[in-house]
Each structure stands twice: as structure tokens, then as C-alpha cells.
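Below, chain A partners chain B and then partners chain C, in two separate complexes.
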Partner chain A sequence: MRSNRMGWALLAPTLAILAVVGFLPFLYVLYVGLFDWNPFSNQLGMQWAAVNNYRRLVFDGAFLDSLWRTGLFAFVSVSIELSLGFLLAQTLVKNFPGRTVFRTLYVLPLVMAPIAVGATWRLLTIPGFGPIPYFLDKWFGIDYRLGTFADQAFLTVVLMDVWHWTPFVTLTLLAGLTAMPKEPLEQAQVDGANRWQVFRYLTIPMMMPVLLTVIFIRLMDALRVVDEVFMLTSGGPGTATQFIGIHIYRVVVPKTDYGYGSAMSLLVLYFTIVLCWLLFIALAQVGKQRE
Partner chain B sequence: MKSSVMRNALGWVGLYGLWTTMIVVTIIPIYWMIVVSARSRVELFDAPTLLIKSFYAPNYLKPLTDPIFQRYLVNSLVIATSNALLVTALALLATYALSRWRLPGADNIFFWTITQRMAPPAAFVLPIFLIYTRVFKIGDWTLFDTQLGLILLYCVFNLPFAVWLMKGIMDGIPVELDEAAFVDGAGRWTVLARVVVPLVAPGLAITFILSWIFAWNEYLFAANLTSVNARTITTGLAAFVSVTGTNWGEMAAVATLAILPALIFLVFVQRYIVTGLTFGAVKE
Partner chain C sequence: MFKHKLTVMLGILVLFSMVLSGCAAAVPAAQPAAPAAEGEASWWKTASQSASCEGVTIRGISESTPPSNFARETLAPAFQAETGITVELETTSWDEMYNKAINDMQAGTGIYDFVYIEQDIIYQYLANNYLVNLTQLLADNPNLASPDFDFAKFTSFIDNFKDADGNIYGVPMEAFVKIYLYRLDLFNDPAIQEAFAAEYGYDLAPATTHQQYQDNATFFTQYGTDNGLELWGTTVQGNTGHASSFYEFFESIAPTFGVYNWGINSENWKATVENGGGMNSDAAKEALAFWVGLLQYAPPEATQSTWDEVAASFAAGRAAQGWVYGENAAWIATDPDRSKVVGNVGVALPPVSEGVMEAAADGSGYIGYYDGGSFGLPVSSKNQQCTLLWLEYIGQESVQADWAVAGSRIVMESTYDDPKVQEVDAKTDNYYTLMKDEGPLFRGAPPFPFHSALREVVQPFIWKALSGELTAADALDQAAAAADAELVNLGYGQ
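And now, the complex of A and B:
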């Protein structure tokens, strides 16, 4: 009755734009990754390098170090966000006076530009007038200097991420908790299960799809973080907060090592896809068990 | 009996204690930024207090009257608005197609585009830069440093999410409505404009607002794909850090201006922000 031609015609503009600004760059990265190419080095143009760029990566200490830091950052901040978010989401399931006000104020950081989040935290931590160094010194005698101590910088970046993204985790888990059927929980309580048992054997399994979705999205974003960290610490002190996004940026933009940077990008993209793929499989498994 | 009342009371104290703490921790960084934006350079280096005693207007007036900053602001407005309009229109057409025709392979394309979002954005700065400066070139004109360049680029981030958001809404509109209109002699476009659009209008509004916020907030590409003409407010904000002798009050004022529109929009989309941020995987 209807021809597919009209359908494709309606899709065409969308596909055209995605092809040009989405697919073309991807192919280009793939291509450039096979060359030695640094426009500001003394050799001219692109030199065929086959898989040399990829071979270099395996022995590149700075790259591996940055990868490890990024993983640590993603693991620590996403764990905190999940635990805190789950706790907060559970308190929001039942209505109580003031709930809407709390919720509205609480999600404000969610729509802030990452670069503005970085600016906000920079203002909090500037030595001289930022309240964090001032009160840490006054109350606890802690010498807080973001630009000097690597551990403090790392912790501050984690805190900033927790501040920025826990509202997202909370709201999403709350959506999941609200959609959950109530009968099994009530039945279990009638049968004499205690709170912990209900949580462990009913809430967690039923929430698994939503939990995995949240982990998936948060991990993906934590692994590619750039803007706010760049604004707060610029990757320093030293390389303490030079996560992979910033590392690639440094190789590609200031150092103009195009070929090597492209190979690095592809490898990181590959890692992320594998990680997300594993999560998807886990998600599908959980879905099957439910049926 | 008595102990259960006690426990209940403790529960309330705990609940309100927890939420008051959370709100204070959430608000203080934003509040502090506004405090800094209201102070002069001299006042800033007094001991930190959270009180706003006076309002130092030049922090806001200086950037707002500066033609360069005005251009950043206009660019951000033009780019975010055009991108959101484009994304919403394309998503409307695309989801209408996806929901009314069976198009083999079309879903895979959108799944593929989400992998773009997984990669570190820094990885795509270079290829986009090269494509914009070398491939899209007509005489001296290139896509580099143009509003159009960023408008098109932000489609990569916004279109997949917009399509997934709109798809769910579009699928909820019964095909029978289309068919009834066909029987009455209406054409495809009439059906789309008169039957479908009014029904999906709230969804279109949400798509528009969320796309607008994402486009307004973007920094990395805006910083690397523009030089003079098409710079946006986020790049203007970041520039404060690299400039020596940073004027913190002014930076705080610019940051406040940069988050203001998104905070206002948040009021309208609060209920849908989860759907938007999870690509429609979790609905609220």
C-alpha cells in the first residue's frame, strides 16, 4: 500500500547529516591512524606507517598511565554516585512535605554546562579566597593546594563529578523504583522478610535493567570527561588528573601528532565499545532471567 | 507503641537531615559563584563569607557591554536555537518514517551513531577540523569558524537522542488516525501537519529544549572549530583561565550568565530530563 521510498525520503536529511559529520570523521580517523603525520615536524606530509602507531601505544607509559587514571576515576566516582543515588532515590519514593522543593533544587547541577561546573569548582578552590582551602585550614589545619598535591586534585575532581552527576543517577533510579510493581515487596514483608532481605533479593534484581542502564551511561560519560576537569585542574598537577580525553587532546592539538592521536582515539573508542557491549550482554541476560 | 513513635520521629529527623545536607551541598557551589560575581577584586581577598553585602555591577556590565562578548552570546543563542530547531524538525520527519514504514536497517544506523557519543570527543576534534577546513571549501569559504559548522556538528550529539525520544512518542499515536484522514482525502503532508504534529507537540517541545541545552553547553568542539567569528559563550568562559591575572569576579559573572538559560529551561523539562539523558531507555 505504501511505498518505502517516501519513508526513506523522510529519513534522508537525517541520514545525510549523520553521514557527513558522524560517519565520515570516523572513517577519517581510521585512515589517518595508519600514517605518521605531524604537520609541524620536519618530514613533509603523511608517511605510511601501517600498524606502527598501534605498536607504539602498547609501550607508551604516559598513555597507559592516563588510561589507568581514567579507569580509576570512572570506577571511584561512579561507585559513589550509585550508592549515594540509590539511597537518595529510595527516600524519594514516598511523598513527604517538601519533597518537590528538595528535588527541584537538587537537580540544578544537571543542566549546567560542564565548563561552568569546572568554573564553579575553581572558584571554590582558589588559594586565597576559595572557601574550601580557607575552611579546611582554619578548622582542620589541612594544607589544601589543588595545584600542588596530586591526591587532593584527584579527590576534588571525583567530588566535582559526584556533585554534578549524582542527581542524574538519583532521578533515573527513582524512575525505576516508581515503576516497580509493589505487590511482591508487600507480599515479602507479610511473609516476614526483613528490610535487608527485601532489598537484596527483590529490589536489586528487579532494578537490574535500570541499574545497568545508569552504569552504562555514567561509565561512558566518566571515561570521556574533558571540559570540567580541564577548567578545574587543566589535567594537573603534573599528570594527576590528565584523563584520557585530555591526553588525546594534548597529543592531537598542541603536539599536532595527528597519526598517533588518531590511533589512540580508535583504541580508546574500541575499549569503550567493548565495555559497553559487555554491559549490554549483562542487560540482555537479566532481561531473559526475568522472563 | 512508644518505641515505634520514637523510631518514626528518628526516621523523619534522618530524612530531613539528609535532604537538608544534600541541598546545602548542592547549592553552595552555585551560590558561591553568585557571591563572587557580586564582589570587587578587593573584597574577594577578605576572609570568605557567604553574605552578599553589596553588588559590584561592573563584573556583569563589563562583559555585557563588550562587543566581543556580545558576539559570543549572540553566537551561542543562534547556534543553540538553530540546532534545536533543525534537530526537532529532522527528528519529527525521521521518527514519522521509522514508525509508519518498515525500513530495513534504519534502526542500526541510529544505534551506530550512539557509539560516537562513547568516544572521547577529543578523538573527533581532529577529523572534523580537517574535514571542515579542507573538504568543505568553496574558494576562501570553509565551514571552519562558522555558525553553520557548529549547528551541523551538534546534530551528531542531539539527533540520536532526539530520534529515540520522539520514536516512543510517535509510536504511541495510533495509525488509525492517519488512515481516517487518508480516507477523507488528505495527503501525507496534510496528515503530518494537521493530525500528527498537534498530537506530538509536547514531545517536540521537550526535544527542542533538551537539544537547546546540550548545544548551549558544548565546549570542546566550539573551542577548536572556531577562531574569531563563531566563538560561543562557553569558549569565552574558558578563556578566563588561560588569561593571566584572572578577574575572578568577571569570570563568575560570565559563568552565572552561561548557566542561567539552562536553569530557566529546567523548570519546563524537569519531568523529562531522565528520558532525555538516558536516550529514552528509562522513562519517568
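And now, the complex of A and C:
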């Protein structure tokens, strides 16, 4: 009984902070989402709208487009990061000359703030000044202009994300690979299994909890990407890289449509929670199978 | 061993900091505008003491532009020396400035004691009662009314910051026109003139019509290619993800085709032609097609260029002509540290369609954007009296000339006649004279209380036209329909 009280007492500061910075704002957003509230509309103040803002979302092409675009971005970038990260982790598990130097240089993007990453890539890609358009034109004759070509902009945003986050994936998977028991792998080799079979039937299943954890973390990050993309393309050209975070920002901040933006934020939060829950179920399932 | 390493590293760090400090740009020395005689307390000191402002810090926010930087680096320290009031002026990007200022005023937190009010946003702020009535505040505090400050000394630009009763809500700190800049060295080169005349059958000159502008652009782009130069025919403020492109089109290009007030009918708040608006009129579509067509004659960075990059491109000598915000005219024409075209900058009125110049002259139209802003006092400020002193300080006649030279901005009639301004005027192909004489042909943004909300709805269509995703006609048809819907949503044009 006493230890229970002590436990709650120790938890109390954390719970209080969570309530203030998490739960109360959530309730406020939930409340605002039920109103039409744009301080620059003809009707000043908040007007009761019930669930009308949520109804609008279903018919809002720009919102649905940005949602789809975000899903595509998350899928493509996380897939590339996982593949590349796994490959590099397997390489880094082995000993080779200069491994320590390579590891140090390789993780440098990780320590950069997303806004700095966006600014760096912006400098790299401005036509007439940046090296990327210059060399693409000189070596391959490619007319590279992020502000003009939507596909180039989307691809560059994916590449920037891969450049920024693949080191994280690599390091996490490297930790998993290093901690993996060696006996089953050696036993399989003795039994005549080739490298692909060892990878497919032993390494992947044994690494599954780590892989799912990495997917979980990276997917959440990719779904709420804003700052580095905003710095690089501002969501353009047109709306080619306007992911859901940038879309909500535009609705809430420059457009000052607080009610509708709140409803939009809550719906996106709901989708994210559902996705997390699905991944959690998958993670738990793998744990059970291993037991 | 560790201690030794630590000492070495700290030493390197200190040395590095010293080098960086040495490399930092020198801040101009603060010079009080009207120093008091020795032994005599200045009016500013007395006023500051009477309002208990000594030692107080007031905070403001503005866009990082030459005029704002002058206020922060020169006027603020001088004001502090006179009054003991510290001014912290945050100069940031245009977007951030609005986001922070509006959020602060909407929430009433009082972080900022003064905010930049661009001419086009004032109507939104007044509609929401964000700002203090400065006329009333001065009347209520006669002991704080400086003898060197008088609203009547400002140009008519101050009218933009008045309410219907003539009360003033902002002290003008910058005003300029978006002007047509061209390269004097190129346009006056006899060989180039000869080649142009041979190709087009008329003399090379700053454009007065859109066709002439396009011919110039085509010619100089080809000239750059033929001579291996990084030179293009025109600038285009065509960022495909930033509001700057919306503004260039609706405030600078469309008016030269006779499309005013963004194509919104202010009588019924409609944008589509079928509802009485003009956003998707034939003239507007012709204007957008013309402007988007200029991209092929613009430097490749054009679709990533806001107003800052346009000025930088022109200063780097990468364009032969272009629409450039006047706040940049002086430094482009006179600052060799930042500009490669010093001494070679010509200024002129922009090209217009038939009848537009006459409409501008009789007041029924305009040929471009008269931009500018003021510093205003939010109702949420907790230091209103101290901030009032600051606003009066920057509104003295004595500080205007240096400010005009540094930022190509003029807000008082008397500034035009100052010898310092006239000296720079001669170096900028008479930019200030043009602004004084032809300023009435330009006009600020329309008085829309829904300014930014509507801009956010319309601008994606302009971006899509610039990136080629939509034709000019389709973009404006869709933009006008979206504008009509949004205006209804905002409670206008039911």
C-alpha cells in the first residue's frame, strides 16, 4: 500500500507535466475543432459548427491529396532507408580498414537539426549556385530545377530524408546484428545453408523485433515531416511536396482557419494512432512467436 | 593527459570565437539624431523619466529588410542612449514575422511592444482591434508628445494606416514602389543597340509595352547564350511554394494589364467573371500567360526566387531587366560589396497595356505596387508609453535621410530634398525622384480584411501555372472559383 503511494507520488510530477503540455492542449484542440473560427472572417469570434469541420474534410481534395502524398513519401523513404540501412549494417558488422572513420562520418547527418538539413540541401540545389544542378547538367545534361519539376522535387525530398535518417536505421540494426547469437548461424552454415538462406530464414526472423521497432520509429517521423521539407521546397512546386504537416500549418497559421485546422490535426492524429496500434500488434505477435 | 587536451581544445575554441567576432560586420555607430546640449537633459530623457521608462526593454518584430536592419542597428542604439530604453528588434523572414506577430496579438500575450504592419495587412489588424489608436494615445499623454514628431510631416502614405475617422495606427517606417530596373551598361552599349535594331526593327530601350519587354528578354537571353555569359533577359519572382509569386502576379503584373484589386469585385466580393469579378477575365489570363512565359527568359533560379532572390539575381548581374522592390534599388546601384552592377542600374516605369497609364493618371487604376509599412503598437503591449516614445523617435525628420539612403525608403516629403538623398538619387538613375513624381501611379494592396486567408486559397493555382501543371487560363478559372467559395466561407459575398 505504502509502495503504491510512493509510486504515484514519484509519478505525479511527470503526470502533471503530461497533463499540462499534452492532455489539456489535446482537449483544447478537440474543443476548437467543433467551431468555425477564423479571426479574419466576417463573423468575429467562434461560431458553433458541431462536426461540420470533420464533414468538410471528407470532401477536401487538397487535404486528401496531401494525406496520400504523405503516405507515399513515408512508404518510399522508409523502404529505401531500411534496405540501405540493413545493407550498411551488415557491412559495418565486419572489420575493414577505416571502419571507425567511416562510422563517424556516416552518422554526422544524424546530429543535424532538420531545419539545418533543409537549409543545407537548399543551398546544394539552387540552380545557378548549388553544385547538384551544376554537375547534373554538366555530366548528364539534366535540367534540374526543384521549383519547376514536381517529380524532381519529390525525389529530392525523399533523398534528403534518406540521407538524414539512414544512419539512424543503420546504427539500430547494427546493434541488433551485433547482439544476435552466433551459434544458429554457424550451425546453419555447417548444415550447408547458403548465404541467402541464412539471411532469409535466420537473420531476418531473428532481427524482426528490431526491424519492426525501426519501422515504427521512422514511419512516425516520416508521417509528421515538416521542417526540412518546408525549408527546401516550401511544399512546392505547386503542392508536389505539400505533406500533411505543411498542409495543416498553412491552414492554421497563414490562413488562420483555426477550427478547420484543429479538426484536420485530430483526424491525422487518429490515423497515426491507428497505424501505431497496428504496428504494435505486429510487434507483439512477433514476440509471441519467438516465445 | 585529459586536462591537457581539454586546455588545448578550449584554447582553439576561444581563438575560433575571436576570429569569428573579428569577421562580423561592423555595426554602424549609434548617433543620436538630435543630441542635447552639454549639461542639458534632452527632451527624450525627460519624457522617458516621466513615464518611468528608463531601464525598460521593449520588443518588436519586423521583416529582415534594409530599412528594418537600419532601425535595429542604428536607430535602436541611438534611442537607448537618449532614453535609457532598450529596443530589441527581431528581424526575421516575412512569413515568420506575420506568424509570430499575429499569434501574439491574437492570444494577447504581449510579447511584442511594436510590430511591423505592412500596408496590405492593416485592414485585417484593424478589423480585429489588434492595434492601439496612436492619435488617441498621444492626445491622452501630452507630456509624451515630442516637439520633433508630427503626423502631418509624412507623405500621403500615412493615410493607409488610418481608420475611417482619420485616427492613425502606425508610424510609417518604409515606403517604396516596385520598380522596373534595367542594366544601363547593356541597354546603352552601341554594339548591342545595333544588333537589337537589326533583329527587331526598332531601337533598344526600356520597355513601355509588354511586347517590347518580351523582345528585350528574348534578345538578352540569346545574347547571354551567344557570349557565354550568365545573363538572362528578365527576373521573375516565381517561387512555386511561396506567397511572393502570388504578390508579383496580382500586385505588379496584373495591374499593368488593367486587372486591379486581385480581380475581386469589392461591391459583391466575387472573383469569377460570371459573378462580376475579374480574376479569370481575359486580361488576367493574358497577364498570367505573359508572366509565366517570361520564365524561359529568366535565370534558372526563378521558380525558387522570392523578392530577396530576385534582388540578389539582379545584383549578381544575372538579368538584364526586371520588376524589383524599390527597397533594394539603392544597395543594388551603390554597394560594391553586395552588387556587381554598381553604376549600371537604370530605373523606369513598368510596361503597361493600352489605356492603363491613363487610368492610373486619373486615379481609376494603377500601374504597380506601392509597398511599405509602419510600426504599430499592439493593444496587448505592456509598455505602451515607452513604445510610443520609440515610435515618435523613428518618426523624426532628422533620422529620415540616413534611413532613406540605407533602405531606399522615403516616408516624408522633406526627405526628398535632403542633400544625402539627392546624392544617392543621382547614383540610382533618379529612383527617388521617380518615386516622388510618379508614386501616385502606383497603389498599395486593396483594403481586404481577409487578405491572407484568400491569398492562401488562390496561390496554389498560381504556383501550378508557374510549374506548368496548369495552363494560365485553367489556373485562373480554378483560382477564381476557389476564391468565390472561400469568400462565402469567410462570410463575404453570400
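We adopt the following convention: the second predicted complex is superposed on the first by the 284 of 291 C-alpha atoms of A that agree within 3 Å, B and C clash if a C-alpha of one lies under 4 Å from a C-alpha of the other, contacts with A are read in each partner's own complex, and residues count from 1 in each chain.
We adopt the following convention: contacts are C-beta pairs under 8 Å (C-beta built on N, C-alpha and C of every residue); 3 or more make two chains touch, one makes a residue touch a chain.
No experiment lies behind these values; they were computed from the predicted model shown.
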item: A:Leu146 touches, of chain B and chain C: first, second, both or neither?; value: second
item: Touched partner set for A:Thr14, first chain B, second chain C, both or neither; value: first
item: Partner chain in contact with A:Ser234 - chain B first, chain C second, else both or neither; value: both
item: First, second, both or neither for A:Pro254, with chain B first and chain C second; value: second
item: Which superposed partner A:Asn95 touches (first chain B, second chain C, both, neither); value: neither
item: Which superposed partner A:Ile126 touches (first chain B, second chain C, both, neither); value: both
item: Set intersection of chain A contacts, chain C complex versus chain B complex; value: 126, 128-129, 234, 253
item: Chain A partner contacts - residues on chain B that touch it in the complex; value: 15-16, 18-19, 22-23, 25-30, 32-33, 36, 44-48, 50, 90-91, 93-94, 96-98, 100-103, 106, 109, 112-113, 115-128, 130-131, 152-153, 155-156, 159, 163, 188, 213, 216-220, 224, 234, 237-238, 240-241, 248, 251-252, 255, 258-259, 262-263, 265-266, 270, 273-274, 277-279, 281-284
item: Residue ranges of chain A in contact with chain C within the complex; value: 38-44, 62, 126-129, 133, 143, 145-150, 233-242, 250-251, 253-257
item: Chain B-touching residues of chain A, taken from the complex the two chains share; value: 2, 4, 6-11, 13-15, 17-18, 20-26, 28-29, 32, 88, 91, 96, 98, 102, 104-116, 119-124, 126, 128-131, 134-135, 163, 167-168, 171-172, 174-176, 178-179, 210, 213-214, 217, 220, 223-224, 226-227, 230-231, 234, 244-246, 248-249, 252-253, 258, 261-262, 264-266, 268-269, 272-273, 276
item: Chain C residues within the chain A interface of the complex; value: 95, 98-99, 102-103, 106, 124, 127-128, 230, 238-243, 295, 299-305, 313, 318, 449-453, 455-457, 460, 463-464, 466-469, 489-492
